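The letters A, B, C and D name the chains in turn, as written, and every chain counts its residues from 1.
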């Protein structure tokens, strides 16, 4: 009984444990598994990432016509909506072309925007 | 004069609601702090009410619609009516006595019982049964307390012992000796202990116990009706706090003029705040919900015995 | 009682081969007719805890292989009893009378997922699946891809295509 | 009045779950007379995802990622069981440091899971403060998981066949020690709160005798609360548990209060284990395991048992030499706790005791339905 009263009154005058999220946040450590970062110039189109992906979120696609000359092979297109952020693609990538970043602000209202093309389509 | 009073009735009602919601907001912040959280902003209860008011009001197929819709209104109305009989730092609007208030206090609880029975859900049914048992158990120590104070006044030869005016103008502490003082302290503590049950906060919120019977009485309520019940709850905190203040701490600051009235009002709210903090917020975060058998035991045995002991001390003092 | 003693006992009593896989692990294969007798024998030898029952489906050999994993709190040995039943008539006597409710619930699950019928089990009502009237889903020959394509595939949704095309 | 009576018969059915503030994704149909529960029937299946079948179509590394989702509340423990099953089949030697990291992570995960239990139990009893404090303190451990595995809740197969997927970062040890001090503070708080919260509601509620416990297949803290001193970590040791020094708490009463006390003592033991592991942790750098395609699992079959926070968990894995297991039977502790044990205990109790009993078993619908 006294223990309870002591604990509660102590809490009343202590700093709360929680943080008010949008205004302040805890630090994200290195190695966090967030949104993908893909570097097409390092990619050798081995397709390992699409084979290891447990959810088949990665699909190897051909590039559109105007990039065809520069990038003739097939490249991974990542569907973040299917991704479980396991990081197997990052681990298996022989050239470090695919990496997971710290960005976790991924929720969106637009189902189209969850698909990450190998090259950002600037103007279609 | 009568017109001013009639005009003041809605003012008091709205004031009661606003004060209640404000306390509810402060209560939530303090509870959050005691739980090591930041908590919502003070105006959160107002936002909640607004949201509930604009939401759809679902009436279940199984219910008895007219009772189902009437009860929230009646509950809030009867709670506000009690407010009119109570001193709010100034003279009460209507003249009543303590017995009347005791009766009026039952009405909101009864409304909840009927609401539970009329919603036609098993959860609500269990909740209504529990509310009835609760009502029967906490009413007794409450009655003993109030009657003891009236008895004190009678034996001191004060006219109209049950009238609220008498209670306010004669602070009970001043007319007793040592053992009577102790008796009053005990009675005050009993009344403070009845407060969480009357307000249905956590150790005694069995009728609504969300983890057991999924909201109980309020299981089927939504939208406007739920908002009315919520408002009735917050006003009831003000009402019950005011009753305790009227019985035990009717002191004012005795400053003349209009500033005096305002100062009394502020002083009254501070007292109210302290009472609500101890009787509701603190108990709410400190305890887990009791079982119905434990509630009956606490009120029928422990509280009744303690309050009877308090009465005995007062009797000794008078003799 | 340690592993070697137990193996000897089983071998002398039932004339079947028991194999020690590693410390605290014994594997026994038994004919289905003698399964109940072996189970009773092991229960009497303090194998009070039925850890799990599992069914493995072999469509090409046309058998179901059942494994009972039993643990002895006293001797700290896990013994696995294996038995085979024909796939076209998957029936078997229930071990509920021996291990009580804990066996009952495992058997109920396997009845639902593999269609094995356990004679003597008081309650084999559906457990996890809702309104299921197809063949038991955990069999190897249950074509879940076809099932999902029929029931859930939304052809208009581009993003679902890689799973089905 | 008659209308009311018709609508309110004396014996009626009450659903506890699946969309109930006091239950998980699981429901129990209670037949009630007055306030008393006459009979209970569990109705599982709201989280059935068919893991055993799913695992037959994925290779070891992908299964490792999948095994997180077996139970949301303690993914690392399930990671370990799956990894052990595959390791036993491949007979691969695990680096010493990986073993230590595995035990460290599993024990942190156990602490975290017990804290969730404390929160849920408090919530079930209507003690809001306990719920919020427990989840607040749990977040300190989630911060550690974020630092070590890269994800707060799902480690994504951090403990995988062959070791672990990443080495411990350098700052980890200091931070873990700091968090352990916080956990001890939390334990102290639980003790301070006890007389007004857990004690009056759980003592003498839902008593399970040892005979019933064995017959119903109870494991872990529940059977220990009924008086049988058994712990897979001690009886059927795995990883480096034989080298560690820890107590197995046992109580005889078998009621909900005993189960709560067992878990509290286990929390203390787990904190001890974490400290011991940190003290003995090898200093050299660990080579992390990288996923490979077409890694064959040798032919064979194993049954692996582990002690997770809820009780005994096991995997029966059969491989025919492919890279995917031929059959994976997952034995979760909650299947037996949620159906036979719960049904047995709920018979004859009051409605108010239902959440107390339900949460004192610490059950997770996810690993029951699988």
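Note that contacts are C-beta pairs under 8 Å (C-beta built on N, C-alpha and C of every residue); 3 or more make two chains touch, one makes a residue touch a chain.
In this text the structure is predicted, and so the values were computed from the model without any measurement.
With centres computed from CA atoms alone, D is the chain lying nearest the middle of all the protein shown.
Look at the CA centroids: the one farthest from the centroid of chain A belongs to B. Of the two chain pairs shown, A-C and B-D, the one joined by more C-beta contacts is B-D.
Between the CA-based centres of chain A and chain C the separation comes to 40 Å, rounded to the whole angstrom. In terms of their C-alpha centroids, the spacing between chain B and chain C amounts to 61 Å.
Chain D has its Cα centroid 43 Å from the Cα centroid of chain B.
Each chain gets one centre point, the mean of its Cα atoms, and the points for chain C and chain D are 24 Å apart. Of all residues in chain D, those touching 2 or more other chains are 129, 133, 136, 196-197, listed in ascending order. Chain contacts: chain B has residues 34-37, 285-287 touching two or more partner chains.
In chain C, there is no position where the chain touches two or more neighbouring chains simultaneously. Taken as a graph of touching chains, this assembly has some other topology, since it is neither a line, a ring, a star nor fully connected.
Here the chains touching each other pair up as A-B, A-C, A-D, B-D, C-D.
Touching chain A in their complex are the following residues of chain B: 30, 32-39, 282, 285-287.
Remark: chain A residues 4-5, 8-9, 11-12, 14, 16-18, 20 touch chain B in the complex. Residues 44-45, 48, 50, 52-53, 214-217, 219, 228, 230, 235-236, 301-303, 305, 312, 314, 316, 318, 326-327, 329, 331, 335-336, 339-340, 344, 369 of chain D are the ones that touch chain C when the two sit in their complex. Of all residues in chain D, only 58, 61-62, 65-66, 129, 133, 136-137, 139, 143, 146-147, 150-151, 154, 156-157, 165-166, 169, 189, 191-197, 290-293 touch chain A in the complex they form. For chain D in complex with chain B, the touching residues are 3-4, 7-8, 12-14, 20-22, 32, 34-35, 122-130, 132-133, 136, 196-198, 200-201, 350-355.
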